[in-house]
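First subunit A sits with subunit B, and in the next complex the same chain sits with subunit C.
This part shows the complex of A and B:
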């Protein structure tokens, strides 16, 4: 276990370094040079000597690897540059959106896993029956519906036709459930189809085998077989998938937060992309990447702790999506 | 399963019909999709326009047909790009092993760690707007899963004795790839292609809806929905409903077709290790 732990942590760290290299390359690709981005039109008024001094101050005359190390140490110190839009430090702009997104993600994650567990288990137990077929067909349908369109249709139905749920914002209070329902439901439903199928297949696999037949023959009640034998057997891979699904929900939040004007990270990401506010956009990408890597690491460690078979290869439990 | 069971399945026929409608757009549209009629804005379905008109008085039916061309073409080309990159990197990774293998695999892990839509809007923010950059961005961010599956397959067969025999008989790497590796990978490539096409169409629609995809001058199913939310409130439901239905229907058919292909006969080695991480939600 110790060796596995070390290996997985080292792997995650390596992936994180690769990701930071990508982000650094991203900065190099941004149209225009950083000095122009910082000073805007004023740069035109400066003399050649001033411009040289600026690029020296910014470290632009250094070799690229040195620039990378300089940039990475700045990022690690929490120095993410100023937002082009508001002039505030990018990290402050981003931190403000974390709580709303965390609330939305938690709610949608609970809903989605709940749906996947319930429908996955019930249809696996009635394998190939009518119920199973209906659930599978419905989950393929859910997979096909674009999340943003699902959002628009739910808004059309619940907010406009029925007028029962608000269509935008977070509400006046700290957290209003009625504002949370639609966005959370849209994220959950748009990813539930895939996870229902996945969970069903795992439960179906773990509900086969001679030991279950033996238990049944001994007169162990059906409910007990399900709770004490089928569920735990499928638990380890499902934890890994649950970890991976967080990245999927985070991606879904970009679209859903935009549609429902939810003041979170996803909406900020889109706003910064549309306004070419690169420091904020890059900060969001870095942060969510680090978050996803961490969650995947924790999920795979948890799964390996529960199921020793997963410790061997190290191939299991890498992030999905 | 025989090939004709796939070709004549309802999903394949549905997909073919959608493609046919888009291809025949000039014959069926009746009205120029770009024609702006300020005297006929936001007309409901019927009234001389089968599916109504949009906020600029453009015919929704006509834009839907022409938009299908763009959405399907972008989806197909981005899928072809993802498959090509995935096959090349997967083959290199599987054959090379060692450091190159680790580097490619960790790079794909890294790209998978960034929520896909964030990766795409990040790239779109620095890329020049246009059809080509949408195809490139979607295609170049969708190869990771394909690479992993191809790598697994290549690793399963590279040690086989017939591979060794081919090598000893003097077959070069290209020859070995085309006549030995490719045929073995083909079944999974077809299944992966279905998934990838569905992902690409969804990604195009999402990017365009968010205003970071296909420019408004070219109709696509995604960018027809861009302004639809605003008009939803004023009751113009037809702007949002029809393009979304087309996208959902297309992706549904592709998924069903993919499932059908997966259920077909596959070579034993391809079944051994199926990749569990098949989700590509945008």
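This part shows the complex of A and C:
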């Protein structure tokens, strides 16, 4: 288990470094000029020499690898650079958006996993029946609907037609339920279809094992078989998928936060990308990446803790005779 | 006093009856053996007795335990009947364990459900029963997960699980099939011991007359969902009455008999293997370990000869098969080939589970002639060859349109043999071909292999842990152990061998005491 842990942590660190390198390289490919972000309309008044001077001040005249090393060493010292847009430290700009996004993500995850658990388990226990088929049809429909369209339709219906929920903003703060419901629901629903199918298939597979027959033959009650054997056997892969789903939801938050004007990380990411605000954009990407890697690491450790076969190092995991 | 009574028990599915009008009773303290081929309804009887039939099957008639109808028991009473009245041991020892629970947890769950025993008391009891199953280090095994144990260990644990609730009736459904012979022997000993100590009743289900002979007070012969013979064990061997019983003893003679003497006494050499060695590397991040699978193995096979290779699991049998078939290159040593076509083209390998080696989306007809496709033979030609070859191996011509999934284990074995004929193999390597076949199918396969050798002159290397079948089929046998050839000779020579390992292997043949070299006649 110790070796497994060490391997996993080393892998994660490697992925983080590689990912930051790639992002840094790709950001250079975005067409446009950071000076535009800093000076806006006054850009027209700048001479060619001014622009070069700005570039030099920002360190953008250096070769990209040098820029990367410079940036990475600053980040490691806790200096994330200043926003080209506002001049504030990038980390302060980012930190302001973390709480709203965290609240939104948690709410949408709870909704989504709740839906997937409930409909997945109930339809797996009624395999191939009418109920199972209706759930299948509904989840395929959910998978097919793009989140921005779903967001606009829900806004149209709940905010404009019925007028029961606000259409944008955060109201008094991130915990204002009435403002939270719509964006959280849109993120949850746009991924729920896929996860309902996934959970259903895992529950179905784990409720067909020969050991369940053996348990019945030894007089173990049905309720106990479901709770102590079917659920735990399906849990390990589901935890891994749940970890992965956080990454998907985080990516989805860019669109949804923009539609609902939710002042979170996703909206900030879009804004800084459009404005070539490199320090902020890189900070967001690095942070999101670290977050996703950390969540996946925790999920796979938790799964290995639950399922001994996943801890395998070499000879284990085989059906040896 | 009857402990279990079946009264016109019928199990029906959508396609008709699986078990028809089964009536018999088992007395307290008796060992009844239910014997029959696969698909004769043996396992379904066990499931009906426990009331755990698969979905879509309905039982009628009655099953009574101590005179009480099992089908009409209230839920609570049924649970007690299942845990404490009866115990069951299944064939598949891996699939019957929850993969994410330790062995200890398997025991303590039963103790908590049936005896209300929890915590330290339950743990102590679990250790006690694991030890009772003949396991030397119960503490380690208790903490292990099912996949960390060997098949034989798991089967011991299964018996301990069933016995730990002290049931009056133990049902063992093919408890020894697919295990090495010495482990089979140990499992049968364990069952005997259980009976002697508790005086309980045993219903043993098997297809193997050797196992039956060793255990039974009484034999119940099943055929096609019906009970065709019910009587004392001895009677089945001395005076079988039903056709199915006669067929069984006949097949037993084929499987347990000796081969007819080879016509060609000194066949020309087809294959010579000398000093063949093979090793694999395993291990983790820091230390690598080298495992020697084969160590300086030398053997020879003549053309048209049937040669056996026997030994326990992990002895290097399958590694040798892979090297001979050219699937992997050897680390050291030489394979020299004297056949008319190039090695390894002329060597064909038949997988242990042939159905797993077929493309499930192809018909049997296309599978048989697959080898010819790679040679660019025309389609009409291939179809004609396929039809001819299917009849050669005794499959009906309509099989050509069927898929592997629609065929039985024996039919798939035949199909695999037909494939080797399609490319006119000179040597066929059979890797445990009988592991999943019942005794009657084994007897038919033995006859088929012999007739193929006689007609086509094909040589066979027969790799198996089933010593009885090797003795019945082969003219020469090699004994392999830990990657080295330990002993070698004709069946008669091996039976008289002084080699301690060969001796210990022969000791574990079920129904031993039967003269292995007696040709056909005197099974008893």
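Basically, the second predicted complex is superposed on the first by the 254 of 321 C-alpha atoms of A that agree within 3 Å, B and C clash if a C-alpha of one lies under 4 Å from a C-alpha of the other, contacts with A are read in each partner's own complex, and residues count from 1 in each chain.
Keep this in mind: a residue touches a chain if its C-beta (ideal position, glycine included) is under 8 Å from a C-beta of that chain, and two chains touch if they have at least 3 such contacts.
Note that the structure is a prediction, hence the values are computed from the model and not measured.
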First (subunit B), second (subunit C), both or neither touched by A:165: neither
Partner chain(s) touched by A:217 [first = subunit B, second = subunit C, both, neither]: second
Touched partner set for A:155, first subunit B, second subunit C, both or neither: first
Subunit B versus subunit C as contact partner of A:181, first or second or both or neither: neither
Partner touching more residues of subunit A, whether subunit B or subunit C: B
Subunit B versus subunit C as contact partner of A:233, first or second or both or neither: second
Partner chain(s) touched by A:194 [first = subunit B, second = subunit C, both, neither]: first
Contacts of A:274 with subunit B and subunit C, given as first, second, both or neither: first
Common interface positions of subunit A, toward subunit B and toward subunit C: 318-321
Subunit A residues within the subunit C interface of the complex: 3, 7, 209-211, 213-221, 224, 228-229, 232-233, 236, 306-309, 313-321
Residue ranges of subunit B in contact with subunit A within the complex: 106-107, 109-119, 121-122, 124-126, 198, 202, 205-206, 209-212, 225, 228-229, 232-233, 235, 237, 240-241, 244, 247-249, 251-252, 254-256, 259, 276-282
Complex interface listing, subunit C residues touching subunit A: 50, 52, 78-84, 87-88, 90, 92, 94-101, 109-110, 113-114, 145, 147-152, 161-162, 165, 178-180, 282-285, 313
Residues of subunit A defined as touching subunit B within the complex: 11, 14-16, 18-19, 22, 26, 29-31, 140-141, 143-149, 152-153, 155-156, 160, 167, 190-191, 194, 198, 237, 241, 244-245, 247-248, 250-252, 254-255, 258-259, 269-270, 272-274, 276, 278, 281-282, 284-285, 288-289, 292-293, 296, 318-321
